[in-house]
Amino acid sequence: MKKISTMTGRVAMLGLLLAPVTVLAEEVAPPPVLNSGDTAWMLTSAVLVLFMTLPGLALFYGGMVRAKNTLSVFMQCFAITAVVTVLWSLYGYSLAFTDGGGANALIGGLGKAFLAGIKVDSLNGTIPETVYLTFQLTFAVITPALIVGAFAERMKFSALLLFMGAWVTLVYFPICHWVWGGGWMMSMGVLDYAGGTVVHVNAGIAGLVTALVIGKRKGFPHTAMPPHSLPLTVTGAGMLWVGWFGFNAGSASAANGAAGMAMVVTQLATAMAALGWMFMEWREHGKPSALGLTTGAVAGLVAITPASGFVGPMGALALGGIAGVVCFLGATTLKRKMGYDDSLDAFGVHGVGGIVGALLTGVFASPDLGGVGFSKGLDMAGQLMVQAESILGTGVYCAVVSFILLKIIDAMVGLRVDEESESTGLDIALHGERGYNY
Amino acid sequence: MKKISTMTGRVAMLGLLLAPVTVLAEEVAPPPVLNSGDTAWMLTSAVLVLFMTLPGLALFYGGMVRAKNTLSVFMQCFAITAVVTVLWSLYGYSLAFTDGGGANALIGGLGKAFLAGIKVDSLNGTIPETVYLTFQLTFAVITPALIVGAFAERMKFSALLLFMGAWVTLVYFPICHWVWGGGWMMSMGVLDYAGGTVVHVNAGIAGLVTALVIGKRKGFPHTAMPPHSLPLTVTGAGMLWVGWFGFNAGSASAANGAAGMAMVVTQLATAMAALGWMFMEWREHGKPSALGLTTGAVAGLVAITPASGFVGPMGALALGGIAGVVCFLGATTLKRKMGYDDSLDAFGVHGVGGIVGALLTGVFASPDLGGVGFSKGLDMAGQLMVQAESILGTGVYCAVVSFILLKIIDAMVGLRVDEESESTGLDIALHGERGYNY
Amino acid sequence: MKKISTMTGRVAMLGLLLAPVTVLAEEVAPPPVLNSGDTAWMLTSAVLVLFMTLPGLALFYGGMVRAKNTLSVFMQCFAITAVVTVLWSLYGYSLAFTDGGGANALIGGLGKAFLAGIKVDSLNGTIPETVYLTFQLTFAVITPALIVGAFAERMKFSALLLFMGAWVTLVYFPICHWVWGGGWMMSMGVLDYAGGTVVHVNAGIAGLVTALVIGKRKGFPHTAMPPHSLPLTVTGAGMLWVGWFGFNAGSASAANGAAGMAMVVTQLATAMAALGWMFMEWREHGKPSALGLTTGAVAGLVAITPASGFVGPMGALALGGIAGVVCFLGATTLKRKMGYDDSLDAFGVHGVGGIVGALLTGVFASPDLGGVGFSKGLDMAGQLMVQAESILGTGVYCAVVSFILLKIIDAMVGLRVDEESESTGLDIALHGERGYNY
Amino acid sequence: MKWVTAIIKPFKQEEVREALSAIGVTGMTLTEVRGFGRQKGHTELYRGAEYQVDFLPKIKVELAVQESQVEQVVEAIREAARTGKIGDGKIFVMPIDHAVRIRTGETGPNVL
Amino acid sequence: MKWVTAIIKPFKQEEVREALSAIGVTGMTLTEVRGFGRQKGHTELYRGAEYQVDFLPKIKVELAVQESQVEQVVEAIREAARTGKIGDGKIFVMPIDHAVRIRTGETGPNVL
Amino acid sequence: MKWVTAIIKPFKQEEVREALSAIGVTGMTLTEVRGFGRQKGHTELYRGAEYQVDFLPKIKVELAVQESQVEQVVEAIREAARTGKIGDGKIFVMPIDHAVRIRTGETGPNVL
C-alpha cells in the first residue's frame, strides 16, 4: 500500500529496478489525474477492509469465546471502529500521513488535523485523497480490534475504550508514520507491503503484553473454554479471507498488475498455510479441525501481508506453508510452554505470523525466488537485517508503550472486571444483554 | 445518486457554483461515453446495496425477533426482494425514471415498461443504463424491507405480499420520481443525496402507520420480548454499515471525488452516532449495550444518507452525533410515551433518523460549515424550508396511501395472524419451519 | 467469462454478428492495454465469487445439515478451497487455459504449470492475467464445493480430499478447457456464459453419482433430518445471490454494458425463480417456506448462469420462472421417486437447474425473444442441439470419471465413515469439535 | 416435603411464576422440555417434503413445597396454566425424603 | 401411579416413542440432558490443545404410568433403546402421590 | 436406591463431578435449567428499555445412588457446590422403587 508500494508495483510491472525509477517518477511525473478505475478499486478495497472488522473479525472472535461473553467481543470491535474513526479524523490521519518537519522520522504533523484542507478534488496519486484516507482508516481500525483476541472475556469496557484511544494515538499512528508516512523505517528501506509489522506484529505484541498484564482468565488453563459457536468463527474466517484482498491487493493503491499479483500470492499463501496447519494438527492430534484449518488460513493471510507486493506465486506457496506450520506451533506449543492466556491467539497468530511473514519477505522477494527484488542497495542479508530491525523496533516500542498505558489505565479505572462479573459473563455484567434467548 | 447528485458531485469537485455549471454541462456536453471505472464502481455499489438487504437487514431484523418468528423475517426480506425486482422490471423503473409528460411532476411514464428499449449499450451518464437501473432497483428493494421492522411477529405473509406490491407501486415509485426522476421535489431544489426522504422517512412513516393499524403484539409491552440472537443482529448491522458505502458513495454514480467524500462523511457520521447512542444509554441505564451501539450506527447511516453529497467531514461528525442522541430518544422515550408497538423501531430509527438527517442537510450543507452549498437561489432558511416541505410531502402522502392500502388489504385477507399462530410463532404457523433444530 | 464470452459481450454491444468480428478483432486489434476500470471490476468479481464459497456456500449447506455435522460441511468447503487453489497454481490453470497443441480439443498444455511466466504485467484482454487466473480459480473452487451437498453427513474427510483433488484434475480442468479454454465444445459453438455446464451440470452430475455410490444416510428417508439452523442457510443464500453478480457479470471480463446486462438478467431470473418455487410449494403444501423461497432463488441463479450474456430482461423473467418450477420438481418429486439421498439437493438444484438453464439459453438467446442471437451459423434448433450435446458430453464424461474415482478411493481408504461416527456426527468423530457449546 | 412437577405451555410460564409468587412460593426450577400427548403436533416442510413433528415445546416447572402447601400450589398452577385447550399439561406430586440447602447446610422445612 | 424416567441415546428417541405408542402410552415428556457414566466421552480439540469431554448427549424420557403398566412400559423402553453397547442408559421408577390434568382438573388415573 | 437431585451454579459443575467421582460415583445426568429463588436476577436492556430477568441459569445434577451412599453423596455435592453466596442451590433426595440398566436388563443395585 501507500506511496512506496504503489511505486514498487509499477516498478515490478515495468521490470525495472526500484530506485532509479522512483527518483525519475518524482522528477518528471505530470500532475496526477484521477483514474476512475483505480478509484473504483480503492473504494471497494476500503469497503472490504472495513468488512474484515465489521463483521468479519467480530464473528471470528465472537464465535470463539463462551456464549456469555460473545456480545462483549462484538461490542468491542464496533466500539473500536467508532472511536478510531473519530480520532483518525481529528488528528490520526494527519499524524500518520503528513510531513512532521523536523520530527518527521518519528511522527507527522498536524497540518491535516480535522481533515483540514481535504476537498472533494484532493488527490493522492490517481485516487481522491478522501478514498486514500478512508482506506488507511480501515487499517487503523482493524489493528486495535485484533488485540481484542488477547484479553477477551475479562477486560472492562471502560478500560478498553481508554486503552484503545490511547494506543492508536501513541502506538499505531506513529508506527504507521514510520513505515508508510515517511518515517525512519521507510527511509531504511523496509519492505512491508500491506502491514506485516504496522498491523500484525504491532497488534500481536500489544496483545501479548495485555494478556500478561491483565492475567489469565479464571480457570485457565484447567477448565476447558471451548468456542461457543464455531460456525460463527468459521464464517468470520471466510469474511477475513475475502476481505483481505482489499487489504493486500488494495495496497497497490490502483487497479493494476501489482494488485493482481498481490491477489494471487495472497490466495496461494493462504491456501498453503491452511493446509500446513491442518496437516500439523492431523499429525499431532489425529484429527484435523475446522478451527485449525481456518486459523491456518488466517495465519497465511497475516504472513503474506508484508510480502504481497514483493514475492511471486511459488514464493507465496512456500511462505504460506511455513507460516501455517510455525503459527501452529506458536498458538499451541509456545503458548502452553509460556503459560500466558492469549485467549484467542492474537499473539500466536498475528504476532508470530507477522514476524514470520516480515522475515520471509526478505527472503522470497529475491528475484532468484520469483520476487521483485530487494530495496535499493540491499542484498538478501541486508534486507533481512532491515526487516528484523523493523520487527524489533515495532515490537519494543509497542511493548513498552502498551505496558505503560495499561498500568496507567489499571490505576485509573481498573483493567479487569471483578470475579463475579467474569463468572456471570461480560454480556450481562457490562452490557445488560444476553447473546441468545432461544 | 441520480442525475442531480452526480452533477453536484462534479460541481463540488470543480469548486464552482451549482446552477450555471448544470446548465452549461447540459448545453455543451459531448455525447456521453462509457467510463469503465465508473461502471466498475456502480456494479459494485449495486451489489453492496443488495447485500444490505440480503442478508444484512434480514440478519439485523431476524436476530432481534423471538426465535419462533425469525424465519418469517428472513422470508419477508427475501420475498420483498423478489416481488419488487419483478415489478421494477415490469413498470417500476419506467414510472420512477422516465418522463411522465404532463404528469411529470407527479409520476413518470410507461415508455420503458418491461425495460423496453434498454440495450447492452444504453448509457446513463457514463455507466450502462442496465447498471443504473439495477442500482436504483436495490433502493426500491430495501425501502419496503425496512418497513418489516415495524410489524414484525404478527403480519400474515399473504397480506405482506399484497401490501408490499401495492406500496412500492403507489408510494415508492412516485416519491422516487418526485425526488430523483424529475418530479416536483426535484424542481423545488430538495437536497437528498442518497434517499433520506425517499427511503428512510418514507419507510419510517409507513412503518409507524402499519404498527398503528395492525396493533400491538400480544403481551406488549408487559412481556419482555428480547432479541433471540444478538450476534445475528450485530452481524447484520456490520453488513449494513459496509453495504451503505454502496448506498451513499454509489449515489455519486461515478468513481470520483464525490464518491470519496460521501464515503468519508458516511464513516464519520456513523461512528459519532454509534458513540452518541452508546453514551446516552450508558448515562440513562448505567450500561452501554451492543444493540444500542449498533442501532446508533444504523441511525447515523440513516441520518447521513441525504447529506452525504453535501456536507464536509466535521459537519458529518456533528450531524452523526446529533442523530445518535435524537434517535435514542425516538426509539425509547418517544415510543414508550406514545405506546405504539414498532417492534424493531423502523420508525424510531429510520423515520426519526431520516427526518433529522434531511433537516440537518439543510444546515451542514452550508459552505460556512464545510459543506458544498445550498440549491440554487436558496439560503439556509430557504433550504431548510424546502427540506421540511419534502419531509412533510413524503410523510403525509406516504401515511395516507399506506393507511388506505392497509385497510383494503385487511378487509380482503386480514392483516394479522390469529392469536394461536402468533403464540406458536409465524415460522411454524405460516411457513411450516422452525429456525433451529439443535 | 472467458475469451468467448467477452467477445460475445462486445459483439452484442456492437450489434454485429459473432464470427466476423472475432476474426477481425484478432487481426487488427492493437496490442491490448490494461484498462483500470475493467481490472477494478474483475478484482471485485474474483472477491465476490470466492465469497460465494467462503462463507456463502458453507453457510447455505452448513445450516441445512444436522448440528452434529455442521462443522464438517464448513471444513469441507474451506479444505476444497485450499486444495484446489494449490492445484490450480501447480497445473490447473495451465491445463484449462493454455493451448494443448494436438490434444487441444481435449486438454490444455503445461506451459504455464507453476504459473510460469506470469508476470505482474502479463495481460489477458484488458486485465492482468493474474486477475484473470484468480477469477477463473474461484470457479474451480466453487464447483467441487457444490458437490458437497450431495454426500453431506457421511463422507470421510480423507476420502473427500482425495476425491476432490482427483476430480478437479480429471473432470473440472478438462471440461473447463473444453468450454472456455479452446476445446471441442467451444469449437462447437456452445453458449455457456458463466458456467451452466462447466460448473452446475458438472457439479450436479458428480453429486448424483456420489450420492448413489456412497449410499443413503442412516435413517433416510424415514427419519426427519431437518436443517439445524435455517438462519445460517438463508444468510448463505443471500451471500450466494449477491456474490453471483461476480460470477455472471464478472464473466464479461470487463466493466461494460455486457456486465450490466448480465447483472440485470441475473437479478430478474433469480427473483422469478424464487417466486416460482414459492408458489409451487404454497400450492402443493399449503405453506411457502423460507428454505423453499431461497432454494428457488439459487435455482434461478443456476439457470441464468449459462444464459446471462445472451438473453434479454423479459427472457430472463421467463427462464427464471421455469427454472423455479422445474427445480422444485427436481428436488422434491424426482428425488422422492428415485429414492437417492442427495442430502442437500446438489443434483436437484444445480444439476437440474444447470440443464434447464443450458437448454433455455438455446431458446431465449433468440433475438425474437430479446436475446443477442445464436452462435455463428446456428438457428434455434441447431443451437439447442449444441446445448444438448454439451450437457450430454459434460454429464457422461463427468459421471463416468467420477464413478471410477469414487470406486478407487473407496477401495483405497473407504468413502464412508462407520456407523458409530455417522450417528455421533462427523464434527466430533472426524474433527474433534462441536459446532456449538451454549 | 413434596416435589411438584408441572408440564405447562411455554407462554404460560410468566403467569405461573406470578401465581406461585402470589401464594408465597419463593423458589422453583424450570426446564425446557418437549411434550408428546393428546395435543397433536404440526407438519414441517423440508424441500417440499412434509414430515410430522409430534413433540411440542413445553416448560417443566419443578418445585419442592411443604406438604401443607401442596394443594394450594397445585391449585395455583392449575389456574394460571389453564387455557382450556388440549395440551395444557399435567401436574404430578412426588414424595421427597430429604432436602438440603447447599449454602448453609440446613435441612428440613427451612430449605425452602 | 408411577413416574418412569429413562436416560437413552439420542438417536433412539424415535424408536422409543414408537414402542411406547404401540403399547398404548399416550403421553410423555422429553429433555435433552448430558450423561456421565461408564461410556467414555471423547477428546475435543481447541487450537491444538486436547481436552476431555466426559458428558455425552442423552435424552431423558419421563412418563407417568399406571402401576399396572409399569412393567410393560419398562420392557418396551428397554427393548427399543437397547443397542447392546455401553451407554444405552438406565430406567428408574419412582412413586407418584398424586396427579392432576391442568385442562380439566381431573385427578387420578384419568390424568393419563 | 435414592434419587438425588441437586440444583447448582453452572460454574460449579466440574467441581461437583470431580467430588462425586472421588467418592466412587460412576454415573449422573445433568440438565441445563433456569432457577428462581432468593438470589435476585438481573436487569437487561432492550433498546433503552430495562426489564427484569428473574430466572438464572443453573445446572440440575441427578443421580441414583444406593441408600447407604446418600449421605456421602449429599455431603460431597454440598461441599463442592458451595460458594457461601446466595443462589448456591439445594439438594433433594427422593425414593426410587426400581431401576433397570437398558443394555443388560439388570435391575437392583447392579444398575449403578
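Order as written gives the chain letters A, B, C, D, E and F; numbering starts at 1 within each chain.
We adopt the following convention: a residue touches a chain if its C-beta (ideal position, glycine included) is under 8 Å from a C-beta of that chain, and two chains touch if they have at least 3 such contacts.
Everything numeric in this text was worked out from a predicted model, so none of it was measured.
*Asks:* Enumerate, in label order, the chains that touch subunit B and subunit D alike.
*Replies:* C, F
*Asks:* Can you list every chain that touches subunit D and also touches subunit F?
*Replies:* Touching subunit D as well as subunit F, we find B, E.
*Asks:* Could you work out which pair in A-E, C-D or C-E copies the interface of B-D, where over half of the contact pairs coincide by residue number?
*Replies:* Checked against B-D: the matching pair is C-E.
*Asks:* Just the number, please: Cα centre separation of subunit A and subunit C in whole Å.
*Replies:* So the centre of subunit A lies 33 Å away from the centre of subunit C.
*Asks:* What whole-Å value do you get for the distance between subunit B and subunit E if each is reduced to the mean of its CA atoms?
*Replies:* A distance of 53 Å separates the two centres.
*Asks:* Between subunit E and subunit F, what is the separation of their C-alpha centroids in Å?
*Replies:* Chain centres of subunit E and subunit F, defined by C-alpha means, are spaced 18 Å apart.
*Asks:* For subunit F, what residues touch not just one other chain but two or more?
*Replies:* Correct list: 31, 44-46, 50, 94-95.
*Asks:* Among the residues of subunit A, which ones contact at least 2 other chains?
*Replies:* 35-38, 40-41, 44, 226-227, 229, 255, 285, 287, 289, 291, 431-434, 436 - these are the residues of subunit A that touch more than one other chain.
*Asks:* Chain contact graph: line, ring, star, complete or other?
*Replies:* other
*Asks:* Name the touching chain pairs, would you?
*Replies:* A-B, A-C, A-E, A-F, B-C, B-D, B-F, C-D, C-E, D-E, D-F, E-F
*Asks:* For the complex, give me every residue of subunit F touching subunit B.
*Replies:* 44-51, 53
*Asks:* Would you pull the subunit A residues touching subunit B in the complex into a rising list?
*Replies:* 34-41, 43-44, 46-47, 50-51, 53-56, 58-59, 62-63, 70-72, 74-75, 78-79, 81-83, 85-86, 89, 114-115, 118-123, 127-131, 133-134, 137, 157, 229, 232, 255, 427, 430-438
*Asks:* Which of the residues in subunit A end up touching subunit E in this complex?
*Replies:* Contact set of subunit A toward subunit E: 221, 224-227, 280-281, 284-285, 287, 289, 291-292, 295, 328, 331-333, 336, 345, 348.
*Asks:* Quick one: in the complex, what on subunit B touches subunit D?
*Replies:* Its residues touching subunit D are 223, 423-424, 428, 431-434.
*Asks:* Spell out the part of subunit F that touches subunit D in their complex, as residue ranges.
*Replies:* Its residues touching subunit D are 2, 6-8, 31-38, 54-55, 58, 60, 70, 74, 77-78, 81-95.
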